[in-house]
Structures are given as structure tokens and as C-alpha cells.
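First chain written, first letter: the chains are A, B and C, and each begins at residue 1.
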Amino acid sequence: MASITLAELAQNLGLALNEAGHKASELQVVGLATLASAGQGQLSFLSNPKYASQLPRSNASAFIVTPEIGEQLDKPCLLSESPYLAYAHASQLFAGLRVVNTDESALTGVHPSAVISAEACIGDHVRIGPHAVIESGVVIGSHCSIGAGVSIGANAVLGDYCRLNANVVLYDSVHIGDRVTIHSGSVIGADGFGYAFDGQKSVKIAQLGSVFIGSDVEIGAGTTIDRGALDDTRIGNGVKIDNQVQIGHNCTVGDHTVICGCTALAGSTHVGRYCLIGGGVGITGHLSIVDKVSISAMSMVSKSIDKPGVYASGALVQESTQWRRNAVALTKLAGLSKTVRQIEKRLTE
Amino acid sequence: MASITLAELAQNLGLALNEAGHKASELQVVGLATLASAGQGQLSFLSNPKYASQLPRSNASAFIVTPEIGEQLDKPCLLSESPYLAYAHASQLFAGLRVVNTDESALTGVHPSAVISAEACIGDHVRIGPHAVIESGVVIGSHCSIGAGVSIGANAVLGDYCRLNANVVLYDSVHIGDRVTIHSGSVIGADGFGYAFDGQKSVKIAQLGSVFIGSDVEIGAGTTIDRGALDDTRIGNGVKIDNQVQIGHNCTVGDHTVICGCTALAGSTHVGRYCLIGGGVGITGHLSIVDKVSISAMSMVSKSIDKPGVYASGALVQESTQWRRNAVALTKLAGLSKTVRQIEKRLTE
Amino acid sequence: MASITLAELAQNLGLALNEAGHKASELQVVGLATLASAGQGQLSFLSNPKYASQLPRSNASAFIVTPEIGEQLDKPCLLSESPYLAYAHASQLFAGLRVVNTDESALTGVHPSAVISAEACIGDHVRIGPHAVIESGVVIGSHCSIGAGVSIGANAVLGDYCRLNANVVLYDSVHIGDRVTIHSGSVIGADGFGYAFDGQKSVKIAQLGSVFIGSDVEIGAGTTIDRGALDDTRIGNGVKIDNQVQIGHNCTVGDHTVICGCTALAGSTHVGRYCLIGGGVGITGHLSIVDKVSISAMSMVSKSIDKPGVYASGALVQESTQWRRNAVALTKLAGLSKTVRQIEKRLTE
């Protein structure tokens, strides 16, 4: 594996070294690991004070810690006010070293098995993997990487430095900004779910809108974002979406909002900026959620939220026989509540 | 973009025009939009009276409205007792115009990179996209469109006018009726989840059944429908299934039922006709649900439902500290209920 | 269809025959079916006493039953203390007969359209389907079957007798044991969902770990298992995972645990051995669940479970107007509880 000296690391991350760090500035750092699993030559970090007791026992050769901790420690340390953020930057640096080390060049350039319309426009330094399909009118910016088996529908547009992993599907006319990563199996721009019932059967409403995704967005594996019925579905800049998320037609998601796995937004719902939506959340249609709202995992949101804050609705797990008694009692709660009000009234009379 | 005159639109949709509409019968209509976003040359519609106030301010050039509204309005109107249904039909018409306008012919016919068994039987006017794989014994009806990277297993059968979008997978022996659309990433006919525990390990139960899907069915993106263990999994005619739905082995879904996104049916559950199952619903196995049942989003259904009606079980979202108090109280609800009954008894003694 | 005599079946399954079975030992058995749907020549089974009344009316030609039942029955029976387990073994036997019968050879060997790096190492008797992509450094054991459109990233390792169905994606460096089956559309090794917030935006934490999957594992369709941030995500031996399950980065799942459809494990959660996790369950991050825990469908688990047992948290479905009253009452439950305590206190004073 490639390595980097501690001094180079400090420079790359813009961090100061503690005294022991200065002495060890020529140390070869070969990777990143947790306090518990780090070995010789590896860098670790302490961001959660809960794990501070692991620090002295860790076999890591260097650490990212706060200045308060690092200045008292006789081990090589990089000093950061935000060790977790510094760890994020360091992780990218080591990921880069690893790619250089792997033989990724084996499948670079445009693979001859890819099927690319003569009417598509492909930027410079674009990698297109085997069996990718790019239809007419597609525009792909520079430095993009299109994985094996990816399908890009007619007239879709990608900015620069995008990465579509293997078997991603973009339907026609989808627009994607710069530096967007989409993981395998995700489908962007399939038809929204819209029908008008004619008394006998469901009549399809053709989905004439599209999907617009901003820049610096990452979308996990197996996620689906539907095209709009008339207007477009819109995902803002810097949004991060985990695996198996479903975003219905005509939703809008504001800049820098984070959506965890298995969450679903029904159609025409608007989520603000800098929201944090936990995993397995369901948000029904035609709602508005303001900026800076956090929603806990597995909540059901069935009305709009107009105040920033933390919201929840899930039920706590219990041993099953206890749970059953409580679950049955819940089906009679309104009656119980009424009884209590009557008792109260009687006692105060 | 292609256009159509208002008179042609009226004729195509079988709708009358109001007086202003007759005068403007040669108006070129170029698209469909919401009241709020429609511009010059576009058609809009009013189906929900809640939005009636947007009508006078809308820049649309024509409207689909009820006769009551249209006859009093001095703007070109198509008159329909069901504007939403008329909008559905209009949306299909504009979608058709758009396809004609797009250069879809670039990738029509059977693409040379598709791998098609000599033992498969392909109907007339079938489009097969790049890198599709069609195994032996497959029968595909006429006028089907098989997208890029689609895989169709041995002996699967498709009717006429089906559309499988990019990267759909049909396992072997799956049967699909006419006019069925399946969106990207969906998997039909994977093994049902069945094991017998031998005291040490799970022994696989081979899934010997298949999946039968009726006609006029639409299935969203990322949905999975498993093959039966012994009998078949069956989806009726006119059923509409949204994205990321999971249907377990040996389920049956009655004609014209609608299932919203992220809902899951465990194995051997039977859902009736004309049901409406909301998003994120979980229905446990071996249940029966009669016709015309509606289930609200995120409900858990763990017993059969034998009466039509609307059912629900989700919990309402709350501000998080409030939620926590109530969630903890819920874990003691049966005890509370008992206490109240004791108090009641004591007071009536 | 191929057939097998009853005597051969008994021998293959290691089961005794009852008296009527001995007399009919040359009976040709052509398939397996439920008591209700079995016809002439088919084998059925009775494992759930609830269905015993169907036995006399069944048209099956032979049955798998317990010795107690079979010895009193004047129909050909295979005798097993565990008819359900015997059925599992029989199902595999009939599945094998069916494959021999189907022309699977049409697409065997390595299909010429597959793209296989010269730096990959492929074992003996491996089938590679059309348009599969195998990158450099990949190692595939013997007797594996790689479906159409499968993508295997650089340096991934598969043991012997693995089966990846069409359009499965393995990211780079994923390790998979022997006899592992993965169904279509599943994605193993995509990036875990990790970011550090810098006050303005989410900074990606490169996911430097991988995914290790043991032997005898089956993974359903549309399931996603993310690679670890620093350490690896690990799935034990004999684990069975259904469709559309999400397993976050750095999770570990113990041997022989079974996870039903649409369940999600957030990051860094540890599930023990021989657990049974129902469908639609959500388990939040950084928890530990001991061995032999069962969790009912649609439960939310937000704290560690340190005792074997059965756990639940879902709410029971109700008719909608009743539900609404109770759901509203639930949002005030802590207050109600306080009121009851006050009444109690007052009455005991």
C-alpha cells in the first residue's frame, strides 16, 4: 500500500502537529483505522470523548485529536478542533492513495462494448464502462465515470465529475449537476405514480415532467427518484441520500438536506434545507417541511411541519407479551382517556 | 414541440368546448401544465375546487374544467364532468406527441448487442434494446419494447404491447399479460423466502411456483415480486404497483388494486379487488383482505380484514421530547388501563 | 416433466414408507404440490396439523406425514418426524429434476459478450452470462454461476458454488464465501452513508472498509449491503436475507440469523447468531442484539437487546376513524398517565 509521511499528512489536512508529532514527522502512515483496530503505521482519531479511554491502549502510530488532548499526549498527534471532520478529509486522502495503487486503468476510456448514440455529446476525460448505453441527445460533462451496464435515456444531461456506478438507470431528460455520485441499482426519472380512476379502472397520467438534481449530491444504492407529472422533481445542491430511498413525483428537497436509508417521500412534498431525515421515515404527500427539521427514524409524518426542531413518532420495542397488552390497550386509548376525564370531573364536583 | 389545435384536442378527448373555446378553436396548444406554472399556449385543468382561486390568475391558454365552471368563464375551456380524468387522457395525448417529436428511432428494432436465444419466439414490431438478454423458450408478443440491459429468463411469456424498461429482470417461467409496463430495476420471479430449520441451519425450500401477472398492469422501479413455493404468485388485471414494493411468494392481488410505494406483503397473503394500499404499509403473511379495503400509509396489518372500509395504524409525529414521554407511557399503557378500571370500580362501589 | 419412483424418493430423502407406500413403491411421482392443489402423480405433505382435514380430500398420490399419521393412513406415505423439513429436501430434489429438464445449456460456459479482465482468475466449471463484467484482480471459485449483466468490481473474491443472478452488483474488494446465492438487483459493497458536517455542507467520509460474507448465505432481490467506513461489514455463515433489506456500514450479522424483507439495520449495529428479524423492522445504529432474539415485523429497535426472547413494537391496525381518535389520544398519553397518578394519589390519601 502507498504511504505518506506524517508531515505530508499534516500539510495536506492543514493541521498542526503536537510535540511528539514533530519528532515523528517522517513516520510513514499507511492507512486509517479505529482506535480499537489500528495497528502499526496506521492513523486513528478520537472524536467522541466516550472513547477517550481507548486512546492509551490503541496501537495506532498517530492520532487526530483536539489540541487540548493532543498537547498533553506523548504520542504523535495531528491537532484539529473537529477531529471527525479532519478524519473525513483524511479518509478521502487515503481513498485517493488506494485508487492510485489499484489497477483501475484496466477498464478506462470508452469501452468498445458501450453503445453510445452518435447524437450524444461526451466531454473530455470521460470513462464509460462495458455495456453502458447512452441514447441520443445525451450530454455528459468532462471527467465523468459511467459504470458498467449504466443506461442513460435520451436527452439526459450530466455535469462534470459525475460518477454513475454499475447498473444505474437514468430515464430520458433527467438533469444532473456537477460532482454527483449515484450508486448501483438506483433509478432516476421513472414515471411518478399517478392515475385517475374512471369508476372501473385506473387511467394512467403520463408523467411529463423530469428530475433535476443539483451539484455535490450523493445518492445511495437502490434509490428511486420519480419524474414529475407536470412540473419537475427537484433535489437541491449538497443533498445526501442513502440507499433504498423513494422520492415521489414533484417533490423538492432543499440544499444540504440529508435523507437516511429506506425513507420515502410521497408525491408533491417539499422538504426544506439542512433537514436531517432519519431512516425508514414516511412522509405523506403534499406536505411542506421547513428548513432545519430533524425527523427520527421510522417516524410517520402526515402533516406539514412549520417549525425547526426534532420530531418523532416511532414506538419503542418491548418484550412481545408486554407489547401485545399495550398494543391492544392502544386500540382502546380514546375510550380510556374519556373514562379518566369522567372520573376527574366526578372527583372535582 | 409538436402542437395540436384546441378543436382537435376537444375531439380527441371527446369533450365539448365553452363559448370562448369555440372562438379559439384554432388555438395551437403546445403542452400541459399546472394552473400556477402554465404559460402561453399551454393547457391546464381545475379538478380540486381548493385551487379555484388560481384559475383567473393562470396564464394557461385553455383549461379543462367542469361545465358549471366553464360556462361562466370567458376563457377557452374544455368541459368535463371529471376534469382530473380528462387531464389523464390529455396527458397521454401530449406524451404521444412528445415521443413523435423525440428521435426514438435511433435505437429501435433489435439491437445487435442483444443476446437472444434461437429458441425464443419474438413477435412483430418488437423493440429490443442494447445488451438485453432473452433466454430459450421465451415468448414475446407483438409491439413490445424491451429496454437496455433487460434480462428475461427461460420460458418466460409476455403478451402484446408490454414495456420493460432498462435493467428489469424477469426470472424463468414468469407470465405477463398484455399492456404491462415494468420500470427499471424491478425483479419479477426471484425465489420466495422459504426455509425449514433443521435445528442447526436453514434448509432452502426450492421455489417451484412462478409469477403470473395479468393485463394492464404497471409496476414501478425497484419493486420485487417473488415466485411461489408450490403455487404461483398472482397479480390481477389493472393492478398498479408503485416503486420499491415487495410482494412475497404465493400472494395474490385482485384486479384493479393500487399499491403505493415501499409497501410489503409477506408470503401467502391475499388482497382483494379495488383495494387501495397506502405507502410503507406492511401486511404480514397468510392474511386475507376483502375487496375495496383502503389502508393508510405506514399501517401494520397483522390480521385479516373481512369488511370493506378504511384502516390505519400509524402514529402521529410530534416534537421529539413530547414524543419520548408518550412513547415511554405507551410501554406502560396496559398497566395504566388496569389502574383506571380499578379506580372506576372503587368509585362505583 | 421428469419423474422419480416413490421408492427412489424414499431413498433419496432417507425416509421410510408406510404400508400403502410399500405397495405403491413403483409409483411415478412427477411433482410437489399443496394438499389443496395436488393432482394425480404429485406428492404433498402435512406439516401443520391445522390442515389435517384436507388430507383425506387431497388428490395427491403420495404424502409426507409424521409416522403417527402415516401408519394409520391407507394412502402412500413417506414418514418423517419433520414433514416440513422433509418437504424442503424434496423441493430441492424436484427443482433439480426440473433443471435437467430445462434447456439451461443454451447459455452455459463463458458467454463471448462477457467482459473479463485478463487479470481476473476464474475457477473451473464457471458459467458467466452475457454482458457480465469482471474487473481486474477478481477471483472466482469453481462451479459458480454469474448471471447476465452482473458487475463484479476489482479484487472481489468469490468462493465455490456461488450463484449471482442477473444484474447483481458487487463493488470492488467484496469477499464472498462458498455456496452463496444473491438474487437480482442486489448491490453489495456500495459506500456506507457517512459524512462529517463542516457547518456549511456534508463532507464525505471515504468508505475504506469492505464487505465480508460467509458461506451458505442467501440474499434476496434488491437488497443492499454497504461497505464499512474503516472496518468491514460482516455477514456470518448460513445467514438468510430476504428482498429489499438494507444493511448499513460496519454492521455484523451472526451465523444463521434470518432477516425478512424490507428490514433495515443502520450502521455499526451487531446482530447475534440465530436471530429471527421480521419484515419491515428498523434497527438504529450502534446497537448490540444478542443471540436468539426474535423481532416481530415492523418493530423499531432503538436500544440494545441483551436477553434472548421475542420483541415487538408495531401498532395494530384499526378502522380509520377509531384509529384517529386513538392516535390523537396517544399524543397526549403522558399527560393522561400523570392525571391517573394524581387521581390515584388523591383516592389513597
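Everything that follows uses one rule, which is that a residue touches a chain if its C-beta (ideal position, glycine included) is under 8 Å from a C-beta of that chain, and two chains touch if they have at least 3 such contacts.
These figures come from a predicted structure and were not determined experimentally.
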For chain A placed onto chain C, the superposition rotation in degrees, Cα atoms, nearest 5: 120
Interface composition of copies chain B and chain C: same or different, split at half: different
Where chain B and chain C are represented by their mean Cα positions, the distance between them in whole Å: 26
Shared-contact residues (touching 2 or more other chains) in chain A: 113, 131, 149, 167, 185, 222, 244, 262, 314-316, 318, 328, 330, 332-333, 336, 340, 343
Residues on chain B engaged by chain C in the complex (per definition of touch): 113, 115, 117, 119, 131, 133, 135-137, 149, 151, 153-155, 167, 169, 171-172, 185-187, 190-191, 193-198, 200-208, 222, 224, 226, 229-231, 244, 246, 248, 262, 264, 266, 282, 284, 294-296, 299-303, 305, 309-316, 318, 322, 325-326, 328-330, 332-333, 336, 339-340, 343, 346
Residues of chain C touching chain B in the complex: 31-34, 37, 82, 84-85, 87-89, 91-92, 94-95, 98, 102-104, 106-107, 111, 113, 129-131, 147-149, 165-167, 183-185, 216, 218, 220-222, 238, 240, 242-244, 256, 258, 260-262, 279-280, 297-298, 314-321, 323-324, 327-328, 330-334, 336-337, 340, 343-344, 347
